[in-house]
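Each of the next two complexes has subunit A plus one more chain, namely subunit B in the first and subunit C in the second.
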Partner chain A sequence: MSSATAVGTPSSLGLPRWAATAGAAVVFAAAYLVFRDTATLPHSREAAAPFLAVTELREWIDDNRNDNPLFLYFLNYIRLFVGGLFDAFHTVLYALGWPGITGVMGALGWLAGGRWIAALAVGGVSAFGLLGLWESSVDTLALVAVAVLLSLAVGIPLGVWAGLSGRVRRALTPVLDVMQIMPTFAYLAPLALFFHIGAPAGAIATMIYAIPPAIRITALAVSGVSPTAVEASASLGATGRQTLFKVYLPLARSTMALAVNQTIMMALSMVVIANLISAPGLGGDIIRGLSRAQVGIMLPAGVAVVIMAVMLDRMTMALARRDAHATTSRLDLAGAGLLAVAGLALIPVLPRVWPENLAVNVVAQVNDAVRWAETNWYPVTTFIKDATTRVLLNPLESLLTSAPWWLVALAVLAAAWRVSGLRPALTALACLLAIALLGLWEHSMMTMSTVAVAVLATLAIGLLLGVAAARSPRFSAVQRPVLDAAQTMPAFVYLLPALALFGTTRFTAIFASVIFAVPPVVRLVEDGIRAVPATVVEAAASAGSTPRQLLWKVQLPMARRAILLAANQGIVMTLAMVVIGGLVGAGALGYDVVLGFSQRTDFGMGFVAGIATVLLGVMLDRITQGADRRSSPRKRKFT
Partner chain B sequence: MGDSHSAAITVEGLWKIFGPKAQKVLDSEDRHLDPAALREKTGCTAAVRDVGFEVRPGEVFVVMGLSGSGKSTLVRCLTRLIEPSAGEIRIGDEDIGRASPTRLREIRRHQVSMVFQHFGLLPHRKVIDNVAYGLEIQGTPRAARHERAAEILTLVGLDGHADAYPEQLSGGMQQRVGLARALAVDPQVMLFDEPFSALDPLIRRDMQAEVIRLHREVGKTMVFITHDLSEALKLGERIAIMRAGSIVQLGTAEELVGAPADDYVADFVRDVPRSHVLTLRWLCRPPEPGESLDGPELPVSTVIKDAITASSASARPIRVVDGGELAGVVDRVDLLSFLSGQERPVRAGA
Partner chain C sequence: MKIRLLAGLLALGITAMGCGGATVDTSTSSAAPDAGASASGTTAGTVKIAINPWVGYEASANVVAYLLKNELGYEVELPEIKEQLAWEGFETGDVDVIIENWGHPDLKKQFIEEKKVAVEAGSTGNKGVIGWYIPKWMADEHPGITDWKNLNKYAELFETSESGDKGQLLFGDPSYVSNEAALINNLKLDYKIVTGGSEAALIKGAQQAQAQKKPLLFYFWDPHWLFSQTELVRVNLPPYTEGCDADPKKVACDYPEMDLDKIVSKRFADTGGKAYELIKNFTWTNEDQNAVADDMTNNGMTGEEAAKKWIEANPAKWQAWIPK
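Moving on to the complex of A and B:
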């Protein structure tokens, strides 16, 4: 044990730096061979006390929801308020009917970005009807509207405050950090506990997920306002309020539009998942399709979500990119007005709900196509799936589940200490021990091995594509729009192709998380390499470096920070997706969570599995984040 | 120099120490440590150290120093954009240090305005609305403030640019907007924080001329911060040279160039063409017995290079007069030996 803990401190005996790491690896391997299959913590569905305690708590809460003062005077009111807001939106949208919504959305699009965006909005709204998903789409739209409105109502003031005050920012940052690394699945069970299930709980879950970017980007926008402009305003005797409204907010406007955009995007990807706690909308169709492994049911709903995402994204981005001085021309105003009036005028004439005979039903065709792909591509997909499972996934999983728990804990401690320093290492260790106490050790280890394999693939592909894009502008120009599109899509959508190609297995989750996490990794790597100052590259080139030397000796080392950040992001995103993969056969923690929602007796296990997921996320984040944040001597700047 | 009530700005014992333990440092003897030692020992930085001066009404007072000498902090302390750690500041009859936030805002709105190095214009507002900003926050109605802003735009030579946005203007024109914004509120005192150092040399010369012209036309008291010695000499009636937070010398251009207080100032002014700055006051000597006193007559404030023409026109020594009385004489030998850099150090008459 003593030899194992010593590896954290760098060797001072004049050995090469890798010697300590290699030595530690040998010690761990030896310990594993000796202690294998002792002190393991196998999973048991009923035994663990925490599960039962939570299940009982839920029973108690369900019985007392209307007596207990905390619920009676506080939580229930929040629920009622959010529910009322949702009903209001819902009623208005239904009253508008499809002609009204089409007209109004088109008009908004026109005002935001001109006639092309208007055409996109009109086309997008019509597509919901064409896909035969009018009602679920409107439900989703209402839910997103409520969640975004609440997120902005809370997030923007908080963000402004954080942007103005460093103290508030420092207090908020760790909270937001945890909120962002928390896998989406983990929110749901506690929310169901406090807010019951249905639209209000779904809106609140969506809001929690969508609020961090609203706060963060607003704070960034406000703190990025030119200090000279602020000082000039103060020097002329402006009050704090005047400076806020006449200087800060107008100057932060376009960046804050980005905050709105990001909030909407996050809300859209969460709103689908919120269906697990019975929030209405498109999520229902997707989850139904997932649980029956029927791509035909999922696909139209998935397409509708993507269309909604693209539509709202382009509308808000147009707003953000608009020239600050441009005023809306009279022609644009007239066009937008005409569209809105036409839509509203047609409300009494046309049916409210999209006529069903105009909808295209593709369920059968899609299912056939998937079946065709399954049979014809079977050799290839099965080979990839089986090879990965046999070579990487199974050995890793059996290693982690058969090793004694204390050995795994020590390995985590050592690795985190080496990469991130002592404090993050202790946090990581605490998370791991908490997982053991919660009784979900084995499932957590299984999820961790799935995550590890997915991260490996994500980083390999991400680095390759990122470097390629950084070196070839042409490749980058082709890749950028693909990445943009990929990042607009809600997380759930990625399960679709994975499911179609690989059926319900662990590998499906890995595939989905790889395509989910690769785009941001590629982007971070590319930006990191591009951010290397041109003068340094020039200097290296003028010294006669080959392109390969330039990459290995200059660009990659200088982009180290960005690459580590990419790794960290990749891990957090992968974990989130692997857990969602519980819906398509990834098993382990994700499946526990899903089971918790469907089986009342397993609610406790699902709830605890959610907590374990968060702990796992924090642990993985701490293991990898330190390399990025470890203070370098240059960072200690004096102010 | 005059009693404190006639001064436009009076500063006494002003300190500004940045850092967590500023007050403690101020109360201890540590404050006399040199900057590096102070930072090492306490983690604090003394940006302004025991500075005192007076600015006369209508004067252009220049504070000159290299970057990090504390001059920008000093000018911000004058209206408490940066809160001073200790010391007295009076602007007119107003005790700035004890002014309430409301009173301070009133002073900033009506009495003192500032021009910034990076302009600090609001990019989302048209030029005219930038200029009218000070009036707007005072609550002046739109029509009135636009009328005033238009007048000021004419004054700074920006006619016809009222509806442009700042980013559409060149750097020099943007700073004219900054200047107009400061002028629009009709302050008694204008503070300039290195206003021209972000501009091209040619534009900078234009803008300096502009400030001189405006000073002549509107007659405001001006405090001008710069790191450029030639700018200081050109604009400043009196110049304070700052180093490491303290004023090392305060005087007219002549005094700085003719009698630098220490090696630091001497080093600064070494490349200044002395004949362009020093006046005949520095060169003239009592007439020797028998020397003819019927040569051309020049006032003592004549710059030496301008005396050369008169001297070449007449072989007789120049009579240097100070308000009608003879202050001394200067002949060709004096001038030539001065120009060749051999002149004896001469003290100005008190």
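Moving on to the complex of A and C:
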């Protein structure tokens, strides 16, 4: 929290405001020293009634899943429908076998973006086989397909409606805002409760997670259609239906391809985590690697997820980038047709599953490499890990857990009020109090300290790289593609290098969340500094400012809003990652969620911990909202 | 064009639904509304043995799987599902067999007695016991450290950056059977549970602790191949008495020695035929399991290879399991 305030208060604002902040800090410090270890809310499994109530609810639901009308006539049907859809995709994909899938994907790639995209698709699909992960990849593909299809089937109509009606948009926006700051983990427990575990529950979780961009971008696209075009069509006597299908949708389609793109990307990052509720696919290999501490098992699966993401991203982006009036040439059609036919024709000839002897097995080599790194870098990595943990993390954690709850609440209120205003401050306070009522105060404070340390590192690195990129076009040109690639990768993949280097500790989660959150922060900072008007920079330079002064006195203060936005995004992304870090030793809330799926008696605690992460997310978001016209997380990526 | 393409994609999806709909796999989607109605396992001849996350379990599962495949001609699936979720798998149809069950009286009551979706299939012959262990050098150097009453005295030794100012008790996979939180609480121990997350983390910790003389207190269990390679000493918690672990929150005693057993789904017991017979007959010793697990972990063999090696070396043992 303190890091956020510091960032939000540029040095140019003068002494009095600094003094007020400093004064407040002194007051809080004094209050802490006087009241420490009083009114703390230690974690206790027994005391917290909400946990037990949820665990009992789960037992009840499990006992009545097949008698209660709500389940019998509604929820079970949804589960059956989604399960049927998944099985259908699964069956078709397996029937196509790898020649068929390769051919069809290649053809789709060709139609979407020409032969290079087709080559990418063919190469990508073959890579799944080469990595020895054919079946898991096909399972994941089927799961993504179902989730994306359902997301679009629900999201596009909702988006169109929101685009046409301001009232619907205003009603949906806050819901979507919260959905986008909800960590992936929070979706799992409620879905396991209502839809049991397995592929259908995984598909539904993925669908819900992936739906916000589908709604949001469609709404944006539809509301962006020029009113004159609508007017023209209306004056020609078109019905509402005709206007929608002949004017709105065609004009909005290139933006809507972006919606498809974003939905797929979101689905891919969720689909792996859905393995925690027994959804099949690559997530299984990654979690298996995690639970055996073998990076060798995880790495191929991680690479496969990245390849799938890049492949689907490039295909849909090619679709979005195409000129609206371009037609597909005969040659392209012929090429695509040829690929598809060749693939389909080869189905009976070639084996359906990628032959095992063509797969490259690197498990042993990767494990050896990791072991080598572990032994040889051990002094360095251990030093970094222990130093960070002892110097930053442990003191902060003990500060937050030993401070009275009311003091923390007051500090949150003051910080949020100062940075973002009264209303967000009250929301933040309400979230914090709700966490206390849920009985997860101590774990939330522990998670918050981990997040704070990670955010500190993220912002330091992000500012450094962002400023460097803004000042040197050459550096920026080198960095951009790296950032692009990093942002295509599903969150989960970042756990791998962290685990390989640091084993399972809280620091592992910090490391993973830093590399996860740095790219968007860098981008926002760079854009913010570049957006400072050239005339201002010119004026300062001609007034004799050194480059250093220029940066500190002009560019950074003027980019304040962008930096605040960067901090906000960094925090939301960091929280999401720290919670996933529960799988690699981050403890606290994330581990509670994991435990909830592993031990039946702790299901309630896991469920409530999921809610607490959402509240924590909303709270941190409100504290750092700052900039009056903020854009929501990830929005930057697609606007 | 783009719209047409999208429409094409959608159409593809819809046709996919159309032609795939008839061949929906019963066992995975039958789950909630009509669990148990379909009789898979008879003709298909597929046995789903859940894989719990420790290598001893995998050793048993792989030996049974090898015999099912090569002696009885069944297909075998080995889905990785953790202990408690595997029990739920009996209900959804995702699991037929748990080959090594560690106690779980609460789950037995719920799934065997109340829901009647699972049945016991006898002992595996393995005796299992969970406990807290330290490397042997610590027991030699620090007198009385193996008595739980002295643990607080030595807590400082076990401090790490993760446990802060308390002693660290290294735990394994979150899904393991665990009384650790209650024990620390009820015995008023100045320790903090740090979850390594896996069996591998425990083994690595134990090996480093013995080799580099680093202090370590950790959760572990027998049967395990590690005992034949690294000298470990068990810490004596207050002895187990019948029923002292009845209330999970009030546990203040050591773990009991358990007779590990096999659990199968009711459906598999009814329709599993020879596969069920084989699983019921399967029983071997801790040494047998450790041999296979050791090959899997330390000699670079896959589960199948290690199982094959044991099966070729011990024909008399497994031939007794094959149903007539």
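Of note:
The criterion applied here is as follows: the second predicted complex is superposed on the first by the 577 of 639 C-alpha atoms of A that agree within 3 Å, B and C clash if a C-alpha of one lies under 4 Å from a C-alpha of the other, contacts with A are read in each partner's own complex, and residues count from 1 in each chain.
Methods note: a contact is a pair of C-beta atoms (placed from the backbone, for glycine too) under 8 Å apart; a residue touches a chain by one contact, two chains touch by 3 or more.
A quick note: this is a predicted structure, and the numbers were derived from the prediction, not measured.
When the shared chain is aligned, subunit C comes close enough to touch A:Gly284, but subunit B does not. By the touch criterion stated above, A:Pro250 is placed in contact with subunit B and with subunit C alike. In the superposed pair of complexes, A:Gly84 makes contact with subunit C only, with no contact to subunit B.
Put simply, more of the residues of subunit A are touched by C, taking subunit B and subunit C as the two choices.
When the two structures are aligned on the shared chain, A:Arg561 is found in touch with neither subunit B nor subunit C. Of the two partner chains placed around the shared chain by superposition, neither subunit B nor subunit C is touched by A:Arg480.
When both complexes are overlaid on chain A, the residue A:Arg115 reaches neither subunit B nor subunit C.
Looking at the shared chain after the overlay, A:Arg36 reaches neither subunit B nor subunit C. In the superposition on chain A, the residues of subunit A contacted by subunit B and by subunit C overlap at 250, 253, 324. By the touch criterion given at the top, residues 45-46, 63, 65-66, 71-72, 76-77, 79-80, 83-85, 87-92, 95, 108, 111-112, 145, 149, 196-200, 249-250, 253-254, 257, 260, 278, 284, 287-288, 290-294, 319, 322, 324, 326-328, 364, 385-386, 389-390, 394, 397-398, 503-506, 583-585, 587, 591, 594-595, 597-601 of subunit A touch subunit C in their complex.
Interface of subunit B with subunit A (complex): residues 18, 39, 43, 45, 76, 79, 81, 104-110, 112-114, 116-125, 133-134, 136-138, 165, 178, 181, 185, 191.
Every residue of subunit A that touches subunit B in the complex is listed here, in rising order: 226, 228-239, 242, 246-247, 250-251, 253, 324-325, 638-639.
Interface residues of subunit C facing subunit A in the complex, by the touch rule stated above, are 1-3, 5-6, 9-10, 13, 16-17, 19-21, 23-25, 28-29, 31-33, 35, 53, 80-85, 88-89, 92, 94, 106-107, 114-115, 161-162, 164, 173-175, 178, 181, 194-201, 204, 248-249, 300.
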